[in-house]
């Protein structure tokens, strides 16, 4: 399909949007991994939320 | 003004005058910014005259905002703020009075310095008067809006820049109408009064919103 | 770099990055100043393109100087500065390394942001490159000169504005040659290289004078 | 179950876990459909040619940038008025997303502006107000990062968010006014091409996809934020653990 | 003794600071003429309790009531807070400092509280810093600054005194003077809540000893952890 | 005992601070293995003396010598200063804080001083904050921060320790631990100058009691007991 003389602008804007979206996704994923790791490390030191239903750490 | 308000006002004014000439520093910064711009822009006098009101306004904006970081911080550092919160006085009024004293000590000198600096910038007398008038009406709004930033950053050691960053978006309308009123006085066709009245209205609105938001922030972040 | 120097450099870099994104605040202030100027000056793109390099340089100057107040203050507030003075390391080098780390954390982001902001100011690609290049070479000089002010104001509580007032006069040569090199790249007739080389020389001179003066000031104000 | 029952972060996390897969699925479907429609079904504009396709991301991004601020403003009311434990988590997590959408709107707008107006940027009212919005997002993010205590940071940011929300329309209108002063209507003004269903449909689908995407990321970011606070609280407790004096305390009033 | 005119009631106070629960479900009540002495290890929450009573730290749960207080005022507006910070402005003279606080802080008169109101000059005289009255407060030593800060409590009558380690930085003589003032305040029908690490010779005291409990029992429920 | 390898000599120290003479013509000397305990009333100049020895306050008159020190180093570069401020960066982890000081502060090895150099991990373990090693220092309590600050002295061997009220903010157990460390340092041939308001159970001490002379002379005099 031909996008005419302005194809560059169209693809650039779609591409940059895609990049931003990917960056957002990467941010939440990495952040989650980071927090998960911190919680795991704390759990290894025996520090957990001393609550009966310990459902917090497996939210995924 | 009732007794306590007067006492607060006098105290703040005294402190501003006695402690390290904050007025002087503000004016010097204003002067520095205004002199630095011609160095950057180049010595073209027509150009300077054209952007002169803008330079004065931007200088005043930066000097006001960057000088605001001690508005509440000094009182917080020595425990005064805690006592003010328990003094049984409406915090909104307290903020308003502190802003008034601060403006008289640091904003007014800027307004007074503006005509002098206008000469450097090759601004003609009428425009000079217009700029000074708009600054007189507009800088209180800047102080009052800046007070919000000052109370938000009161617990942080690194006030200055962050305060400016938080407040500049809120202060843009004041800048716009200030400059456009000043410009209107230079380029006759545009009526001066409309933007000037809007500027006055903005100052009044700021006199309500600034103290309310600022008092709320002070109360919420007290600790 | 020897071990201690590397350790200091890494620590300062880490602190800059972890503590409330000081890099972010500087760039934001830069952005805010650059945004605010068209509001004052008006949206005339030709005019903006003409004064664009100056705006970028003035924005960078203010952002650098106003962000410098914590360079030594944070270390003084918690007693670190005392220990640094007794650590048996040449204070001049310590200052130089701290400036380097500070520049990487806050000056470099400004340089990187400059091309983006240049788009807002309608600066054409060649000029954009020239401004960025001059900022790259010039902002270290601003940081190093500013360090003198930072060490002078370290014992005063009110750093920000005063620091800027003290340092702006010293920084004007950097600004002049920075802007003129950038302008030269736009208006062909003027040779770019001469002011650019002078700018480089200024940075080198600042790299000597800044740390020496700053270390002396730190030693004197220790108490 | 009433909304208030989700005040408990733990229950909120459970809800997120149930909701998220569905949202992700819907979001992907809408994006696929929207992209297909905007590239292959939507017609060229008679004036703008193919560049009109930028609209299908530009306009949703612009809408979302504003919606996101509304979400933050509502959450801020939640923080200040009802002291809802999830409100400032919501506001904090929304800020980076809002900044990203604003950035998208700016970038796509600029890239559209070059072929249409011949320049990437003009200091036009609408453009500038979006730029100011971006500064506000970034300022709020910085405020959050700078304050160590998340509860206090949340309150401070809530005050600023609300004041900023009040200022948002003001910026828009006043800048309109400002613009006409210096520059007569030389700036190209897009009052929207005639909304033909062929254009409207892809736009709506893309807008829905963007909205779904916002909710997905927002929920995930909120979950992260809740976990970050847990980590913080646990670390505080860990640091205090070997310190008998710093655990919680009871009191025995005695004569 | 007559029936207490004033009654300070704390119900189930729960405080979170910096994301940590400091204490939970603390209740007490205090009548006119009594002092509550709060003791406990470092970092247990004594200062936090005082600052809560002063309205400076928000309550996570619970409430603070003052029976017999002025209706249109919050409990903390009946109280003076005397903490670690002096709230003394070095650039103002001693009297200027004090006069400001006298005009600024609203007095709270309640039935049964007969505390008198001194003039600033009398107050500094009482505290033995009369000779410095005209000096800038910057010239005062740490102990003198503290006494100046204390004189604030004498120029504005308020029935509740919240005092955080009041004797710190005071030498023996001024400590005795402070205790006399505090006893006088109690006799006049005021009340005192004070955190301390040392013994205080007050006339009519209740002791609140804060103690750590098993750490995991403290898991906050609704707090975001 | 063998002849002292190190000898710290202060001759006629005179200090002005804030335009006031704090003390005048103070002389003492201190050998390896001994602690100098500086006592005296508030504001008499104990902290000022320590900061002078640390090279932080300029001498108005007099000089400070270190016999037996490394030739190319100033006396203060043989010393650790442990004052009221912790020099702990909240944003760095406990180990990061300590590692920085280990790399940054130059060690000073002198003949006769056999103080060992611990690794950061050992040092925090020794001081009982091993479990916080990876945590940001922001999460530490005041006492823990103080111990972290103390561990600085263990990772870089320097023969002189200047300690300003070292036991403040430490509970009883950690106070004992600190005294053991200080005694160990003395045994290893180090020397300590410490200002204190309380008794310190050190093995080998000399006491320097600062006392104000007649107030109009306004210059505190000093006695070496």
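By letter and in written order, the chains are A, B, C, D, E and F; residue numbering begins at 1 in each of them.
We adopt the following convention: a contact is a pair of C-beta atoms (placed from the backbone, for glycine too) under 8 Å apart; a residue touches a chain by one contact, two chains touch by 3 or more.
None of the values given here were measured: they were computed from a predicted structure.
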item	value
Chain B to chain C, fewest steps along touching chains	1
Where chain D and chain F overlap in contact partners, by chain label	C, E
Required minimum of steps from chain C to chain F, each step between chains that touch	1
Identity of the chain that, by mean CA position, is farthest from chain C	E
Separation of mean Cα positions, chain D and chain A [Å, integer]	16
Chain centre separation (chain D, chain E; CA means) in Å	45
Intercentroid distance (Cα basis), chain E paired with chain C, Å	48
Chain C and chain D: spacing of chain centres that average the CA atoms, whole Å	32
Contacts with two or more other chains, residues of chain D listed in rising order	132, 135, 138-139, 142, 146-149, 178, 182, 230, 234-238, 240-241, 243, 245-246
Multi-chain contact sites of chain C, meaning residues that touch two or more partners	19-20, 25, 28, 32, 35, 39, 42
Per-residue multi-chain contacts in chain E, two or more chains	41-43, 225
For the chain B and chain C complex, residues of the former touching the latter	20, 22, 25-26, 28-29, 32-33, 36-37, 39-42, 47, 50-51, 53-55, 57-58, 61-63, 66-67, 69-70, 74, 77, 156-162, 164-165, 168-169, 172, 175-176, 179, 183
Interfacial residue positions of chain B with respect to chain D in the complex	148, 152-153, 155-156, 158, 162, 165-166, 168-170, 172-173, 176-177, 180, 183-184, 190, 198, 209, 213, 216-217, 220-221, 223
Interface residues, chain D side, partner chain A - complex	10, 13-14, 16-17, 39-40, 44, 49-51, 53-54, 57-58, 61, 96-97, 100, 103-104, 107-108, 111-112, 114-115, 213, 217, 220-221, 223-224, 227-228, 230-231, 234-235, 237-238, 241
Chain E-touching residues of chain D, taken from the complex the two chains share	7-9, 85-86, 89, 148-151, 226, 229-230, 232-234, 236-237, 240-241, 243-255
Contact set on chain E toward chain D in their complex	16, 18-28, 40-45, 206-215, 217-218, 220, 222-225
